[in-house]
Amino acid sequence: MRDIKKTEFYKPIDGTKMPKFAGIATFMKLPYLEPEDADYVDIGLIGIPWDGGTTYRSGARLAPRQVRDASTFMRNMHNTLKIKPYDLCNCADLGDANINAVNLLESLQWVEDFYHEVLSKDIVPLSVGGDHLVSLPILRALAKDKPVGMVHFDAHTDMFSGFSGNSTFSHGTPFYHAVNEGLIDPKRVVQVGIRGSMYTEEDRLWGLERGVRIIDMEECHELGIDGVLEEIRRVIGNEEAYLSFDIDCLDPAFASGTGTPEIGGFTSIEAQQLVRGLDGVNLIGADLVEISPPYDQSGNTALVGATLLFEILCLLADCKQKRGLTKKSLMEKQNG
Amino acid sequence: MRDIKKTEFYKPIDGTKMPKFAGIATFMKLPYLEPEDADYVDIGLIGIPWDGGTTYRSGARLAPRQVRDASTFMRNMHNTLKIKPYDLCNCADLGDANINAVNLLESLQWVEDFYHEVLSKDIVPLSVGGDHLVSLPILRALAKDKPVGMVHFDAHTDMFSGFSGNSTFSHGTPFYHAVNEGLIDPKRVVQVGIRGSMYTEEDRLWGLERGVRIIDMEECHELGIDGVLEEIRRVIGNEEAYLSFDIDCLDPAFASGTGTPEIGGFTSIEAQQLVRGLDGVNLIGADLVEISPPYDQSGNTALVGATLLFEILCLLADCKQKRGLTKKSLMEKQNG
Amino acid sequence: MRDIKKTEFYKPIDGTKMPKFAGIATFMKLPYLEPEDADYVDIGLIGIPWDGGTTYRSGARLAPRQVRDASTFMRNMHNTLKIKPYDLCNCADLGDANINAVNLLESLQWVEDFYHEVLSKDIVPLSVGGDHLVSLPILRALAKDKPVGMVHFDAHTDMFSGFSGNSTFSHGTPFYHAVNEGLIDPKRVVQVGIRGSMYTEEDRLWGLERGVRIIDMEECHELGIDGVLEEIRRVIGNEEAYLSFDIDCLDPAFASGTGTPEIGGFTSIEAQQLVRGLDGVNLIGADLVEISPPYDQSGNTALVGATLLFEILCLLADCKQKRGLTKKSLMEKQNG
Amino acid sequence: MRDIKKTEFYKPIDGTKMPKFAGIATFMKLPYLEPEDADYVDIGLIGIPWDGGTTYRSGARLAPRQVRDASTFMRNMHNTLKIKPYDLCNCADLGDANINAVNLLESLQWVEDFYHEVLSKDIVPLSVGGDHLVSLPILRALAKDKPVGMVHFDAHTDMFSGFSGNSTFSHGTPFYHAVNEGLIDPKRVVQVGIRGSMYTEEDRLWGLERGVRIIDMEECHELGIDGVLEEIRRVIGNEEAYLSFDIDCLDPAFASGTGTPEIGGFTSIEAQQLVRGLDGVNLIGADLVEISPPYDQSGNTALVGATLLFEILCLLADCKQKRGLTKKSLMEKQNG
Amino acid sequence: MRDIKKTEFYKPIDGTKMPKFAGIATFMKLPYLEPEDADYVDIGLIGIPWDGGTTYRSGARLAPRQVRDASTFMRNMHNTLKIKPYDLCNCADLGDANINAVNLLESLQWVEDFYHEVLSKDIVPLSVGGDHLVSLPILRALAKDKPVGMVHFDAHTDMFSGFSGNSTFSHGTPFYHAVNEGLIDPKRVVQVGIRGSMYTEEDRLWGLERGVRIIDMEECHELGIDGVLEEIRRVIGNEEAYLSFDIDCLDPAFASGTGTPEIGGFTSIEAQQLVRGLDGVNLIGADLVEISPPYDQSGNTALVGATLLFEILCLLADCKQKRGLTKKSLMEKQNG
Amino acid sequence: MRDIKKTEFYKPIDGTKMPKFAGIATFMKLPYLEPEDADYVDIGLIGIPWDGGTTYRSGARLAPRQVRDASTFMRNMHNTLKIKPYDLCNCADLGDANINAVNLLESLQWVEDFYHEVLSKDIVPLSVGGDHLVSLPILRALAKDKPVGMVHFDAHTDMFSGFSGNSTFSHGTPFYHAVNEGLIDPKRVVQVGIRGSMYTEEDRLWGLERGVRIIDMEECHELGIDGVLEEIRRVIGNEEAYLSFDIDCLDPAFASGTGTPEIGGFTSIEAQQLVRGLDGVNLIGADLVEISPPYDQSGNTALVGATLLFEILCLLADCKQKRGLTKKSLMEKQNG
């Protein structure tokens, strides 16, 4: 049995030793640990198989498993940033936060509880949804003490106050609640890639009034990727920030497997450049949401998701290390 | 504008005059009427785009529209029973019962309300789900005065008392509630096609104790289709009964587009024979549930569903006519 | 029964009240009216389920219905132009022009007849094919008095004189006939996005000799979207013009569901920018053709088509209003 | 260059020497010869890429090429009949009869012309459609002197007198014309597998009145495969007969790739048993029609088709040899 | 950390506590253990992601992971046999045997080595291929001391002596070698479901001469399922036997995702009855091979495979227990 | 029989005379000739149905046939270069090089032998793989006398020294061997489009040390297409060069059907511009590899491949003619 007290434990199985398609599908072929066993983990990859907040096409509940499968194709080093995340941090797959597929409020609570446990061990969470509502319980755990900044890639603001009937929680409302609950600081929130036909401008105006910076798709084209990145850094500054990446910020040609697709979005390379360009932003956690496997038989969306997940992991590992001693380095010293 | 006071109004657009693939997709190419305008309707086809009770693979919310599309391929006369439903009854597509995609309890209420309105006009409802939980609000409206019998084709009993956490409503529980609420008479309930691996025998025992007749798949093979039909008629008798047809009673080779597929089910021809064989059962309503379009790219499941829907419509038209004067015949007399 | 004399009638069912995926699939969830009942309609959305002119991969006959389904995802306001079409014009789905699936000449006549009826009520037609041959009978009705200008997005000129054997009508020939019949003024025709390997240059030379402005794909890349738009406006001028949008002007990565795909085409965002940029062109009708559902299992092509349809609808509503009193405004005054 | 005067020329490339998936895709990996070069051919496999007679879902124009691809999986000996067709007859792929994709009448003429040439060389034609209308020009060439008998597997009678408008030719009408034109003797026609909802009984009654034997699906179930075969042999007798096999006689679970699917059809094994059971019927030609590749992404329908094509080829080779000297045996004598 | 010395460890995560689609995908949601840690395991589920022996359509290398995913849908009790495997035996997912994707001989050695380790711990192996060649290294480990009997479900005998060129190892040859190497006793081998067109009869005759009992598909239809089972039991007797289940024994309508499909095969229910009917055969191991995910976009084949895997697991657990003390019972006594 | 001594023989069947989808699928609808009959051929299109060197997702063995099918859509003239390849050179489909699906080393030898025969007739080879390992035996035949330059479009360098275990040949190693065997001159090799996460930098450094010019994707974005082309021409110079085009240099949105997809690649139009821009490079052969049909159900990847194949054919025809007398011109003189 491999020893969880050795840093070797926290690395992927090597794809040159065993084929990428072989073996149990964990995120990046990392070891699987339940949170209770994760004391030595720096960065935890977590699935949230939930889509009960979805108002159009459901299916995101199946994303964590499909992204795990696709992620085993990822290798160990970033090709342009040259970051080797597993040399910087102890990483592990912490499994899925449990949810109740037919009970929205109970699920919100269960997910939040899961993240309280993870965060109690000082683990940086990198999560795969699930629909976008999952960001709310994550933030409830992560920002329970003070509001954080947020870089938000999406076709939609997700700042609606409610949905039909008496429902206030859906995948269109998480950041309305997050602002109201003081989890994110609207003045340090930037939303990138917003587009698509609209019912009203209510959600945009609500955000704008509170200081949210919305860079809609048309402005993205005007600013160019570099300009967008400059603006993001300006808004976020040096303090701690969360990254929420909705796959529907990409064009459906690149990521059709999503619940509320809007044409005219980013290409894959643009998405990669946007993520890579966050180098220097002080990220304390991230999520990748709204991948809906049933709507992409090709699996391309999962591949895009897995690749972005690896790119984000590189950022988080770099940030974590820059913020101070990692458990990995401590472990190496102790084992030294 | 076509005259809703003429019986011609209540017939499909003729596929020899306009191609089957042309025109608005209503059920069977029937006219669309909102319930408030449906005073002259004998049989109303209704969609319920709901899948919030689904515990495995969701997607049934998209079924009503896909089945409408496939149903336009249906013609006007049953090839073996020789029933011509549109010569017997005024038929119409009454649209979809509204639901709240992110609120289970509210949806149950909205659907029930819709059916109260439909039933207040003495319309026989033929419904297309949605997941199997939709049968519960239908029965709450249909059987509010006294319990009915039920012919239930399914791979599962749907008589569980609950699901994970504190949830008691899911697509696995409708008939537990229906029995408890006095909507169906367990002694006049027959469940056909039950199979698949099990967690426990709890649901089966609960039903059996209350008098439900379960003909599981293995017994179906022993009895043969004729034997099963004989047993159904024995259990149901001559009184009013409801038909609930879960598409997963078919084998996934014939109907893969469903949320909880179980191999080893009925073939299409067996399903047709089972439905046709209900001739003589006094049906007052029916539903066809659990078609999940994302899981069948070929559209075959919708075609199977649409064909069975037409077969059921023939049964309902025949029953309605046999129970007494139809609105159609009254209208013809008045117009005569 | 909703009152066709109220402007409220001519608006979509609100997607925040009833989910986008619920209810009968009409274009944009607008009310369905047969042309004979459409006296109060400003803009009519019409399907033409015809692909009998297709020389390669057929299937466009199924497009109107699939685009209807996808179009229910559209909302009410354009996100960049801020146009609210339903506040400007009475809109309705006028169903499909009937066709004879096995008779080309009869179909041309039936479609033309349908448009004569629509136009006799002063309705601006926004049509969804069908293969590109459908533009010919539309123009025969629309331009029966004098030739119009035409903005034509396509990978092909569709100005061939004939096809194999003795056939002169196919989806490669509509504009050869339209020029010859005096329906379009070649000097006010601009074709954008032309590309792909060629048999001969015959079609191009024929058009060029008559004054057609061809901006092939390579020139599009040189001019940029703004340059192309400037050139379009120069050619079309201020007089009335028709817009014909062949989905194959997009790259197959964005719109694979088409009969004669050519790689190297526009992206979705470029297509959107091209349509949006037609603001100021005096459009009196438009069609969207060559979507072939069987060749895109993902439904992305239909989504692209539905989105462009909404964008075009915004243009038409804006033009219609600018040309003078709409029926909607008259109706509001009368009801006022 | 291989010598067309050697019998070795007329055999498939051996799948144990070169993989099945390698090389040009001809029917069965047989040599390709244009009809003008086919003097030594006993049995010619021919494609007819035509679907202009299709009234529902088109696409059969693509079948010949897909069936060629799938047919390269076939081997050389029948597993139960033990027939080795290539040891009995010289076989070749004669390519496709040319058609005009946008001109029905011209296509009928071109196909007939092609078959006149083939038949002038005393070649037994085994054809792959195309929609069912292709049987008409084949029969016009094959039965120009006297009517033949016909074994007809299908879900539909294809004996309608016309379709919408003024069209009398469609894939629903070939055998109405074939009877009227004296190409098939209705008293020696047997139609097997007929089913599906109906507009009217007109087509059935028309056939029955003229002596056609219709064994609809329900009767097939009653008679069993052996009973059906006995009845076929009784009707056809010993004289020459044509075999027309519409793939939609199978259930869509087994062959979804077809234009007018009807559930409740034959399984693959039943279809095989029906074909194998024709041993002893004096077949002089055959066709396999209505495979529509766009509607079966799995390619299963083409595999079913290719397998049945091989089974029919075995029958034809056996019949040809039993009717007297084959060109193959003559060639062997001469070369001997 | 869960304790591997408790029997609770060796059970699946309960699907009523956590949804089936949630969490890491191991076989049946069992714990994952590397073989070196598997001292307490009675039955080990093992993947072999290898398809380098495939002569037609490859892809079976991806099967272990897809079957793991589908298998999480399985529950805990067999619905007809009432066996609860996890109450009888300690079960675990032992991961995949490593292979070299580009080196056939090396892969055969690595797989054999893996099984030697597994068998050294007295674990009953239940394997998921991979193409059928994987049975050879399994048998080399399992039957190294004396030949075993074998129940073999397949469309092909896999008893060819070689393939093209100088290759003697392919997925068509494993049992030729197994007989020659004295791993299986041909007189106690029964092959069920053989069918399809043939190059030669060589493989059949080779087997028959050595005493193999071949029940081809046609004979299966004659004998019926009960007759086949009787014959299997007669051949195998009471001694130890291995079960090798090639998914292509099913008809492609039920399991299209395979490399060498042959139409006319078993239905799912027949396959289930055949497996269930092996009750009483003394099985010491089993494999399920030739599932090829790329050829079944629906995932149905994996579902069929996962269901059969569960059925086989029930058999193995029952046999293991009947053969004497299980580790589970020992562990319970010790912990008792 | 058409006369192979006439230049007309070496042209495609005209798509305006016979539909593109009709007839045997050879590359570009060119005549099929075995190499032994190809004395008059200038450019030979060749398939290599091999994927035994694939380390991730196999399937490229099926590419030659699918690309043949898609290529019949290509016409006769390049739309921007205005090259008419069939007016410059005699072209033919030379079929597939035979391979042994289960024997890597034997396949390398067989493919090399095939190319020796082709090259002995002074034919320029344009090949369709197969995985990238096929370039090695081609180069072994083509560059047996002296090393050639190489333009290499790919996401990967394919310059690894080995794979897992003791295997040195895989689709990741061909150019490591080609350099070592003196087949390509590393100083005249340029690799374009390299990207994706990495295990190590070993392969890059190995190439760089030997003088290979690597333009990774990021640098492509910086240089722009024109800059990349300039750099290619600088590296290659005027001497003979080979073109190796791995379809995975495109983004999966444009070409998902490949074994080792990497997001962030070229668009179709960029790929076309890169190929067109090679005008002036002295190409003596080319291959198009790594198309894997099972991973693109839409067939788009094959369409992209077929289009690029036509573009490359135009380049080769142009080069061949510029290098001196073609067989075509000789033949025309002789026949003149």
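Lettered A, B, C, D, E and F in written order, each chain numbered from 1.
The rule is simple: a residue touches a chain if its C-beta (ideal position, glycine included) is under 8 Å from a C-beta of that chain, and two chains touch if they have at least 3 such contacts.
Bear in mind the structure is a predicted one, so any value in this text is a computation, not a measurement.
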Review point. Chains shared as neighbours by chain D and chain E?
Key: B, F
Practice item. Name, by label, each chain that touches both members of the pair chain B and chain F. Key: A, C, D, E
Check your understanding: Looking at C-alpha means, what's the farthest chain from chain B?
Key -> F
Review point. Per the centroid of Cα atoms for each chain, what is the distance between chain A and chain E, given in Å?
Key: 39
Practice item. Report the inter-chain centroid distance for chain A and chain D in whole angstrom, where each centroid is the mean of the CA atoms. Key: 57
Exercise for review: Would you please write down the residue numbers of chain F that are in contact with two or more other chains?
Suggested key: 17-19, 21, 55, 57, 61-62, 101, 163-164, 253, 295, 297
Revision key, fill the gap. Here the pairs of chains that touch are A-B, A-C, A-E, A-F, B-C, B-D, B-E, C-D, C-F, D-E, D-F, E-F
Check your understanding: How about chain A: which of its residues touch chain B in the complex?
Key -> 51-55, 57-59, 61-62, 100-104, 106, 110, 163-167, 169-170, 294-295, 297
Study note, to complete from the structure: Listed in rising order, chain E residues that touch chain A in their complex are 1-2, 17-19, 21-26, 32, 34, 36-37, 47, 49, 61-62, 64-65, 68-69, 93, 95-96, 98-99, 101, 297
Review point. In the complex formed with chain B, which residues of chain E make contact?
Key: 14-21, 73-80, 253-254, 267-269, 272, 297-298, 300, 303-304, 307, 310
Review point. Can you list the residues on chain C that touch chain F in the complex?
Key: 55-57, 163-164, 195-201, 216-218, 221, 251-253, 256, 261-265, 295-297
